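Two complexes are shown next, each including subunit A; its partner changes from subunit B in the first to subunit C in the second.
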Partner chain A sequence: MKHIAKIMTFLVAITAVWISLLQTAMIPQSHTWLLPLYLIVSLGCYGLLMVGVGLMQFPTCPQEAVLLQQDVIEAKQFLKHNGVDVGSD
Partner chain B sequence: MELADRAIGFILASISVTIFTYYTFWVIILPFVDEDHFVHNYFLPQEYAILLPVYAGVCLICFLSVFIGYVMLKSKKKKA
Partner chain C sequence: MTFCCVVRDVDFEIIIVDDGSPDGTQDIVKQLQQAYGDDRILLRARPKKLGLGTAYIHGLKHASGNFVVIMDADLSHHPKYLPHFIKKQIETRADIVTGTRYVKGGGVHGWTLMRKLTSRGANVLAHTLLWPGVSDMTGSFRLYKKSVLEDIISSCVSKGYVFQMEMIVRASRKGYHIEEVPITFVDRVYGSSKLGGSEIVEYLKGLVYLLFTT
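Here is the complex of A and B:
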């Protein structure tokens, strides 16, 4: 709940700045109207960048995979020994 | 497989950086450059800065709706 409050205040602040820019006409109106769209585009770019970086640095641990397979074999043997049907692999 | 994932991640990151730089230059910096400067030859007119993202967003939403509908139909058929 706190996080959403932070985001909402951020949005309200940005909207206030934008409306004040519209009112004071410091820069031409046509360019002020482009700013929200620019914000959305940059947000999309940020998301895409984060997905790309996450894919690039996706951690893999091959040693853990080997250990997990060993555990699976051990558990299957134990279950078979105690008369539980786990199917054949 | 790992290398392919890495390559896709790199491509996604570079695409996003490219779009961000180009769009920033187009929207933020270009209005302050003189009208008859040669840089203007490399950019579309200012209206397209609005039209293209809106068009892309509408396409994205259409694609998402179609995809969600397709998945829902498929899962319903499997249940029956």
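Here is the complex of A and C:
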């Protein structure tokens, strides 16, 4: 099944639940009508939260840049020793 | 060179696909061939820039091993992680081992806040829509079983880093066993990488394409 079909199935299932809620009137209808809005808002909140958390915990590695420079110098010396000229930039 | 020390007892060849870089890449590769032998260092040049996907296919045609590691040669992918990939593959018998920047032990250096924000946003969007089962979809430092790479590469048509995403999503949908190892990514020391409006549009198009075709 294509992925879009999975997502559509999921959406249809949610809509079905929503319609049945409207029909059975388990909760007041005025509330039920607002549920899709709540769903969209909470989805947006989830997205923003995930981006925010991801940004706060973004793994950085400044020490790796230093190590890399050391490795580059070491590699250049090694290569020079083996007759490979990689330039001096 | 770290690379040579750590993989001394591993049988390897390095295939360099160069699309006519103006920076003298090919001269240096030829010197390396003299130092290490041209059975170890293979230069497979192409006359002009023809895109990432076809570069992979081009390189793959000349690969003689059972496993293929694809990595960028601009030092944003450090060869010191190669043993981690190999160890992980041996331990788990995985079809693909993919490097991830977004877990403990991994990381990125040299990105601006804007770049990080775009990256996180893109990641959350892709995960919510595609459920790929891997944490880093656009990274390109990966180890593949050769047969698996041949299988998935033939069904991928995207360009640029959407191509990386397409490969891992298709592999995941085909039920291949994918494992992850943390890697660090130091943004290009040589040359510069770009991420502008057109890249974001390409990314979104790629996302929709993958939604409908995988």
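Here is the rule we go by: the second predicted complex is superposed on the first by the 64 of 89 C-alpha atoms of A that agree within 3 Å, B and C clash if a C-alpha of one lies under 4 Å from a C-alpha of the other, contacts with A are read in each partner's own complex, and residues count from 1 in each chain.
Everything below uses one rule, namely that a contact is a pair of C-beta atoms (placed from the backbone, for glycine too) under 8 Å apart; a residue touches a chain by one contact, two chains touch by 3 or more.
Note that the structure is a prediction, hence the values are computed from the model and not measured.
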### Query
So, A:I14: does it touch subunit B (first), subunit C (second), both, or neither?
neither
### Task
Give one of first, second, both or neither to describe whether A:V84 is in contact with subunit B, with subunit C, with both, or with none.
second
### Task
Quick one: classify A:L34 as touching subunit B (first), subunit C (second), both or neither.
first
### Query
With the two structures laid over each other on chain A, which partner does A:I73 touch: subunit B (first), subunit C (second), both, or neither?
neither
### Partner chain in contact with A:F58 - subunit B first, subunit C second, else both or neither
both
### Task
Using the superposition described at the top, list the residues of subunit A that contact subunit B and also contact subunit C.
47, 51, 54-55, 58, 60
### Task
Please name which positions on subunit A make contact with subunit B in the complex.
27-28, 30-31, 33-34, 37-38, 40-42, 44-49, 51-58, 60
### Query
Mind pulling up the subunit B residues that touch subunit A in the complex?
2, 5-6, 8-17, 19-20, 23-24, 27-28, 31, 46, 49-50, 53-54, 57
### subunit C - residues contacting subunit A, complex
1-2, 24, 28, 31-32, 34-35, 75, 78, 80, 101-104, 106-110, 116-117, 120-121, 123-125, 128-131, 173, 184-186, 189, 210-214
### Message
Show me the residue ranges of subunit A that touch subunit C in the complex, using the header's touch definition.
### Response
2-4, 7, 47, 50-51, 54-55, 58-62, 64-65, 68-69, 71-72, 74-75, 78-79, 82-87
